[in-house]
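Letters are used for the chains, namely A, B, C and D, taken in the order the chains are written, and counting of residues starts over at 1 for each.
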Amino acid sequence: MVGTGCESTKQTIEKSKLVCEMGFDYVSVLTPCYFAKQIDGDILKNHYERIADSIDIPVLLYNAPGFTGGVRIPAKTVLELSLHPNIAGMKDSSPEGPAKLLACLDPNEDFHVLAGSANFFYPCLHLGVPGGVISLANALPNPCCELYRLFIQGKYDGARMLHFKLSRLNQAVSGTWGVAGVKAAMDITGFKGGQPRGPLNVVTNEAVEKIKQQIMNEGFIS
Amino acid sequence: MVGTGCESTKQTIEKSKLVCEMGFDYVSVLTPCYFAKQIDGDILKNHYERIADSIDIPVLLYNAPGFTGGVRIPAKTVLELSLHPNIAGMKDSSPEGPAKLLACLDPNEDFHVLAGSANFFYPCLHLGVPGGVISLANALPNPCCELYRLFIQGKYDGARMLHFKLSRLNQAVSGTWGVAGVKAAMDITGFKGGQPRGPLNVVTNEAVEKIKQQIMNEGFIS
Amino acid sequence: MVGTGCESTKQTIEKSKLVCEMGFDYVSVLTPCYFAKQIDGDILKNHYERIADSIDIPVLLYNAPGFTGGVRIPAKTVLELSLHPNIAGMKDSSPEGPAKLLACLDPNEDFHVLAGSANFFYPCLHLGVPGGVISLANALPNPCCELYRLFIQGKYDGARMLHFKLSRLNQAVSGTWGVAGVKAAMDITGFKGGQPRGPLNVVTNEAVEKIKQQIMNEGFIS
Amino acid sequence: MVGTGCESTKQTIEKSKLVCEMGFDYVSVLTPCYFAKQIDGDILKNHYERIADSIDIPVLLYNAPGFTGGVRIPAKTVLELSLHPNIAGMKDSSPEGPAKLLACLDPNEDFHVLAGSANFFYPCLHLGVPGGVISLANALPNPCCELYRLFIQGKYDGARMLHFKLSRLNQAVSGTWGVAGVKAAMDITGFKGGQPRGPLNVVTNEAVEKIKQQIMNEGFIS
């Protein structure tokens, strides 16, 4: 899955076609947001439909108002877009998560919502989401998968405990230092996080120690 | 439970003492918010501790940033206040709900969080909340209790379906018309909703018809 | 002028009548804001008209979105209310000030806007406002009056310099410590500021020193 | 002057160098904003200094929180950046305008602020700004220049009247329809506005009529 959302519809289509040619499976398309006051449901409906009509691989809507100055895809618009044969679902990284939307979706429609945060991945499983896109999984992929398995097996007490660990860690790492914290956590757990893209800075050594301590406290490294 | 939160600490204490004398069981204390930029965690900690020290009945924190211009009780402050012997819990009506906080609470502490919206009452049950304070329950108390019973009995499929109905209705009624919509729904389901306090208006006859239709669509009245 | 704005229309009218009986000249009525999502132009129009119809002394609208969780009186509503014979004007304490509104008012209408911040009192004089309601004037009434005199006399260079001093001080005092800073400044300049109402705290001794230094730097005390 | 602001420092530098080679006079650099919660004063200081150090033509900071999800350059950071020899000034398109900043700038520093809206261009002239960057000037360049001339000539009554006309028009056009409205106004006044970039739409024919009527009402076309 590759993110191809640009401010302009035309440029988003061009990037999406390129990604399509490169053989990827999905494009994830963040909402445009520069002219935030003008970006309403109709604008977004037209934007996503034109993109989905232009490429052969399925489109995931990407709703992330924390990164788009509050621009959200209205629930009504998501319901309309869920009918499009080439729109496969939505990644929801809003602070409040997709709970309200999930109550309104037609369960017979082939449209799926992915929970975009470790803070609500587990409760959203109880609302029927088939999966999540979780930044913390960059550093701790196995515990995130284990949480999903525990849920599938009906081991809800264990799942809740693991969810609490992951959510606490997510709040401590991503909630405090953002993407730079996630990259530091990746370095700590044996992956390659590296430097965030400037103007963001690497976290301080002190922050690295705090992150390491937090991961140890939750029992994910020793 | 009676709401006694005022802008000033002194006035909140006076009202809380009065409520205490009248024999009520709890006070629920909304955050002050007029001088929003100055209302930080330390200010709120001191505010709630002084109130809880002044009365004999337990205090519930009330976190409702949608009604307080974005003023929230920071998680760190809630954790500190959870140690106070006369602070019993928190009613959370934030748009994002208490999921992040629930991961951080000490389960051995005698402090309980109530889910403040039909939109996240059910998923929060899976995170350990003991109950909710739900505006829709003014109009539909039995279905809300039934949802709780289904959860307790482990009937999760039925619970999820009932949750979806209640959440859809909550979005259609409270989400569209606010307190005036809830009052109209109460009149429809046989309770006494009546007029909202001015400057709010009663909803239009057309809105009453839509609300009635929506309650019928979800199968709660025929 | 006495502030009488409450959340309910009825209670605002009661307080306004009381203030009227006590012999005051004006009531200043802050917008209600608890049910912020429902408080639109029509609700506000009706609210203010009912109040203005109920009392014999004139009403000032009070627009202060920083204290009301973003609730603003829409320009269109102000224009409608400006026609009411018992609505005399508006105090505008929004961050952006009344510049946009002033361009739209009918100059023949007997309706006046007061600039609600030292940060834009002077430029608003050039847009025709007849005065201001400025928190810093609690501590420095004479310089604020002097600024007005310089403007009236056409001494714009001196007025601009004095405006810069007052705006810098306002940003340093009110912008940093809010009402508690203004009260400290009042104590410093020989007035009685005293303690802010709890939950707000008095500023620290260190802050008092900074405020004193700032007032000295601008030449208002020696 | 060419806008070269991208989310990454590196990409902004690359685009700025290109613009420099193409012979332009200035780059205007909008704040990055995707990771809004991490974009603080230190991050912005470093970002702008690295860009200004990398190119030979001067840099204008571009502060436009309405387009960047609320990301602002803090006043303290602007003051620090104003000392950089290759940072020439700032274009301020915040809703509140540059009034607070202008009070804090050192008048001996070679750093200039341009007012970024017809709503506050005129009052900011009284605070010492040397000019503005005004979207409405795309459609009405001569009246905008005339406003500046009236100010320079000390014809303040005429300037205020013209300001009111331009601000009303700006609110009616840009405030209602955004960039699409400005483009329609350009077509009406004899320039080439054309279509906005998708996903934005052209305004309706009805809106075109309203815009034309508004420009006529203010006397700029007949």
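Everything that follows uses one rule, which is that a residue touches a chain if its C-beta (ideal position, glycine included) is under 8 Å from a C-beta of that chain, and two chains touch if they have at least 3 such contacts.
No experiment lies behind these values; they were computed from the predicted model shown.
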Which chain maximises the distance between its CA centroid and that of subunit A? C
Please tell me the distance, in whole Å, between the geometric centres of subunit A and subunit C computed from their C-alpha atoms. 44
From the mean C-alpha coordinate of subunit A to that of subunit B, what's the distance rounded to whole Å? 28
Using Cα averages as centroids, what's the distance between subunit B and subunit C in whole Å? 34
On subunit C, where are the residues touching two or more other chains? none
If you connect every pair of chains that touch, what shape comes out? Choose line, ring, star, complete or other. ring
Interchain contacts, given as pairs of chains that touch: A-B, A-D, B-C, C-D
Which residues, counting only subunit C, touch subunit B once they are in their complex? 7-10, 32-39, 43-44, 46-47, 50, 66-70, 177-180, 197-201
Subunit A to subunit B touching residues, read off their complex: 75, 95-97, 99-100, 102-104, 119-120, 122-124, 126-128, 156, 160, 163-164, 167-168, 171, 175
